[in-house]
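Several structures are given next for inspection.
Next, two complexes with chain A in common: one pairs it with chain B, the other with chain C.
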Partner chain A sequence: MVAQNIAFGVLAAATSLAAIRVVTTRNVVHAALYLVVVLASVGALYILLTAEFVAAVQILVYVGAIVVLLLFGVMLTKATLGEDDQLDNDQRWLGAVIALFLLGTLSFVLVDAFGDDKLPSLEGVSRATLEAQRGSGAVGDAIFSTFLVPFEVVSVLLLAALVGAIVLARRD
Partner chain B sequence: MSELLRAYLTVVVFLAAAGMLVGVSLGMGRLLRPKRPSAQKAMTYESGVDPVGSIFGQSQVRYYIFALLFVMFDVEAVFIFPWALGLEVYGVFGLVEMTIFIVILALGLLYAWRKGVLRWV
Partner chain C sequence: MIAVALSDYWVQTAIKTGVVLAVIPTAALILGYVFLLKMMSHMQSRLGPMEAGPHGLLQLVADGLKFIQKEDLFPDRADRFVFAAAPLVVLCSTFLLYVVVPAGPTLIVEDLSTGVFYALAVSSISVLGVLMAGWASANKYSLMGGLRAAGQLIAYELPMVLAVVGVVIQAGTLSLQGIVTSQANGEIFGIGLIGNPFILTQFVGFAIFLMATQAELTQPPFDMPVAESEIVGGYQVEYTGFRFLIFFIGEFGTAFVFAGIAATLFLGGWYVPGLDLDGGFLSNLIGPGVLFAKIMLVAFLIFWVRFTYPRLREDQLQTFAWKYLIPISLLNILATAVLKVVL
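And now, the complex of A and B:
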C-alpha cells in the first residue's frame, strides 16, 4: 500500500503542477503541451485504481486525439503563437470564484456519496481475477448488456459532432 | 503491492531509463562542448536560408475536419476493442449491434465525402 501512496503522491503533484502551468503559461502551445502531462498523469492515476481500460482510453483519445484537435484549434485562431500578455484578462477573479465553487461542489458530492468507503485491498488478488472483474472484457460485457442503448446513442452523438463541424467549417 | 501494479513497474523503469538516456547524453554534451554563443548560432535553422517572418501562420480550417474525423474514429476504435475481446460470447447479437454502430459512424464519413471536405485541393 505504501508504494501505491507514494506513486499517487508523485502523480497528483505532477498533475497539479502541470495543470497550474496550463493556465499560467504565456504561450498557448506550451499550455497544450502541459495539458498532455496533465492528461497522461490522470491516465496513470487510473492504472493505480486498476482501471486499465479507462487508462488506455485516456491515453488513446485524450492524449492522442483531443490534444491534436486542441492544437489545430489554436492554429486556426488569429492569436499569436509566441509570448502573449493578452492571454490574461480582467475576468480572472470571477473565474477563480467559479473554480472554487466547482471544487466545493465536487468535494461535497464525493464526500457525500462515498464518505468512509474504502477501496477493497487488492493485496494477493491474482491478475486473472482482476482482469475478469474490471478488465477490458468486463467493460465489453457491460456495453453489450446494461449499456447497449447508450452505446448506440454514442454513435449518433459522434455523427452529430462531425456533421456540425463540417457545416461550420465549410466556406459556402 | 498487487500483482497488476507490479507489472506496471516495468513501465516506470522504462520511463526512468528513457529519461536517463536523454539526460545523460545531453548532460555529457553540455559538460564536454565549448560554449561560445552568438546571434547567428541562435538563429532558427531553415536549410541554410535566413528565416523570414513570424513563426505564426494561420492554418486552413480543413485540417480541423481531419483532426475531428480522427477523434471520431478513435472513439469508435475504443468501443471495438472490448467487443473484439468478447467476440465469441456476444455472437451474432454483438455483430449486429457493432454493425449498426459502425454504419451510423460511416454515415458521417459519407457526409464528409459527399460534401467534398475530404478532397485535398
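And now, the complex of A and C:
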C-alpha cells in the first residue's frame, strides 16, 4: 500500500496548495485554473479509492463543464491579464472564520464516525470481484434502488433551476 | 545487473506510455498526409505537395522540421505560463483518449470498466486548453476564437454523449473491449455470421456521433473557432513554431482516436469474423491492422465532409445542436431502450 500512500500525500498536498492559491491569487482566470487543479486532484483521489465512475463524472462535470462555463462567463465580461487589485474585499476575515468552522465540523464528524477504522485491504481481491462491488454497474444499481428518492429529488431540483434560467433569459 | 521483468507494473506502464507517445504523432502524420495534403488536393483537381519525397510523402516531416527551427515567440502582454501550458493541456487530453481504445484482445493500455464514459470525460479537457490559449494570447481575435470554441464544444458534447448511450444500452457495458465482444457475439435476425456491428442498429447514433466529432475537432463546417476569414485563426493566431505544431498534432491525433472510438463503437473495432476473441497471438497481430483500416474509413468520412461543406453561421451551429441533434439522439435512446426491453 506504500505507492497509494505516497500518491495520496502528493495529491493531498497539490489539492491544498492549489485551493489556497484559488483564494490568494490576484487574477481571476488564474483562480479558475487553480480550481481545475483542485477538482482534478479530487478526481484522482476518487481513483485511489477505486471509484472509477465517480472520478470520470468528476472530470466530465466539474472540469469539462462547470469550470469551462465559469471561464466562459469570466472571459465574456472581464478577464484582465496580469494582477487585478479589485479582486480582494473586506469580507476575507469572515470567509476565513467560516472556512475554519467548516474544517472543524467536517474533521470532527469524520473522526467521530470512523475513528481509527481502516479501509478494507484490497490485497488478493480479484478484479472481477472489485468490479461487481464498486464498478459502474454497482453505482447504477445503487442510484436506482437504495438512493432512488434522493436521485429523483435532485432531478426535480435541477428541473426547477432549468425553468428558472429560462424565465430569467426570456425577455418578453 | 537488475533483471527487468516485463510483468512489472512500472515497466509495463513505461512501455505503454512510450507506445502511445509514438502513435500520436504517427497518426497525425498519416491523417495529415493522406487526407489533408493528398485527398483534398485530388478532390480539388490539383496535385498538392509533390517535391519532398515520393509523391510528396515527406512534406509533413519537412514542415515539422521547419516548425521546430522557428523562434519561440511570446506576445508582449501574454500570460507566459498559461500561454505555454495551453497546447500541452490539449495534447494531454489527446493522450488520455488513447488509453481506452483496444487494438486487439490484449492490446489495450487499460481496459477501464468505465471505458467510453472515461473517453468522453477526458475529451472535454481539451476545451480548457483552447480557452487558456485564447485568453493568454492577449489578442482579441484569440479571445473570440476561444469563446466560440468553448460554446461549440459544450453544445456538441451533449449529442456525442447521448449518441453513445444507445450503443451502451445495446451492449450492456461501458468498456470498449466489452462493446467489441458484444458486437462480435451479436446476431442479426438470428444470423451470427458477421456478428452485429452496431452501425446497423444504431445508424442514427453513428451519424450523430460523427457530426459531433466534426464539431469537437473544430473542422469545417464547424470551424468558427479558427475561421481564418473572420478571426484570422482564432485561438491559434499567436502560436508559432513548435507550439503551433503541438496544436496541429493534437488536432489530428484527436481526429485519429475519435475515428478509432467510432470504429470501435459502431464498426466492431479490431474484430473481423474468424478472429479469436480470447487473446490469441494471431488476433493481436491482425487486430491493429483491422482497426487501422476501419479508422481510415471513418476518417475518410470525417475529412470528406470537411472538404465539401462551407462553414455554418454561429447561430446555425447552436440551433443545429440544441434543436435537432439532441432531440433526435434522445428519441434514439428511447427507441433503443424500449426495443432492448421488448426483444
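Everything below uses one rule, namely that the second predicted complex is superposed on the first by the 159 of 172 C-alpha atoms of A that agree within 3 Å, B and C clash if a C-alpha of one lies under 4 Å from a C-alpha of the other, contacts with A are read in each partner's own complex, and residues count from 1 in each chain.
In this text, contacts are C-beta pairs under 8 Å (C-beta built on N, C-alpha and C of every residue); 3 or more make two chains touch, one makes a residue touch a chain.
What you see is a predicted model; the values in this text were computed from it and never measured.
Asks: Taking the superposition as given, does A:S136 touch the first partner, chain B, the second, chain C, both, or neither?
Replies: Once the two structures are laid over each other on A, A:S136 reaches both partners.
Asks: Is A:T50 touching the first partner chain B, the second partner chain C, both, or neither of them?
Replies: In the superposition, A:T50 touches chain B alone.
Asks: Report for A:K118: first if it touches chain B alone, second if chain C alone, otherwise both or neither.
Replies: In the superposed model, A:K118 contacts neither chain B nor chain C.
Asks: On the A-aligned overlay, A:A161 touches which partner chain: chain B = first, chain C = second, or both, or neither?
Replies: first
Asks: Could you say whether A:R170 touches chain B, chain C, both of them, or neither, answering first, second, both or neither?
Replies: In the superposition, A:R170 contacts chain B only.
Asks: Where does A:Q4 make contact in the superposed view: on chain B (first), on chain C (second), on both, or on neither?
Replies: The answer is first: A:Q4 touches chain B but not chain C.
Asks: Between chain B and chain C, whom does A:V68 touch in the aligned arrangement: first, second, both, or neither?
Replies: After superposition on chain A, A:V68 lies in contact with both partners, chain B and chain C.
Asks: Could you figure out whether chain B or chain C reaches more residues of chain A?
Replies: After superposition, B is the partner touching more of chain A.
Asks: Touching A:F151, do we find chain B (first), chain C (second), both, or neither?
Replies: Once the two structures are laid over each other on A, A:F151 reaches chain B alone.
Asks: Just to be sure I follow: which residues of chain A are touched by chain B in one complex and then by chain C in the other one?
Replies: Common interface on chain A, chain B vs chain C: 52-53, 56-57, 60, 64-65, 68-69, 72, 75-76, 81-82, 136.
Asks: Considering only the defined contacts, which chain A positions touch chain C in the complex?
Replies: These residues of chain A touch chain C: 27, 29-30, 33, 36, 52-53, 56-57, 59-60, 63-65, 67-69, 71-72, 75-76, 79, 81-82, 131, 135-136.
Asks: In the complex formed with chain B, which residues of chain A make contact?
Replies: Spelled out, the residues of chain A in touch with chain B are 1, 3-4, 7, 47-48, 50, 52-53, 56-57, 60-61, 64-66, 68-69, 72-73, 75-78, 80-82, 122-127, 130, 136-137, 139-141, 143-144, 148, 151-152, 154-156, 158-159, 161-163, 165-166, 169-171.
Asks: Quick one: which bits of chain C touch chain A in the complex? Just the residue numbers, please.
Replies: Touching chain A from chain C are residues 77-79, 82, 112-114, 117-118, 120-122, 124-125, 127-128, 131-132, 134-136, 138, 143, 146-147, 150-151, 153-154, 157, 174.
Asks: Could you pull out which chain B residues touch chain A in their complex?
Replies: Chain B residues touching chain A: 1-5, 7-8, 54-56, 58-59, 61-65, 67-72, 74-79, 81-83, 85-86, 89-90, 93-94, 97, 100-102, 104-105, 107-108, 111-112, 115, 117.
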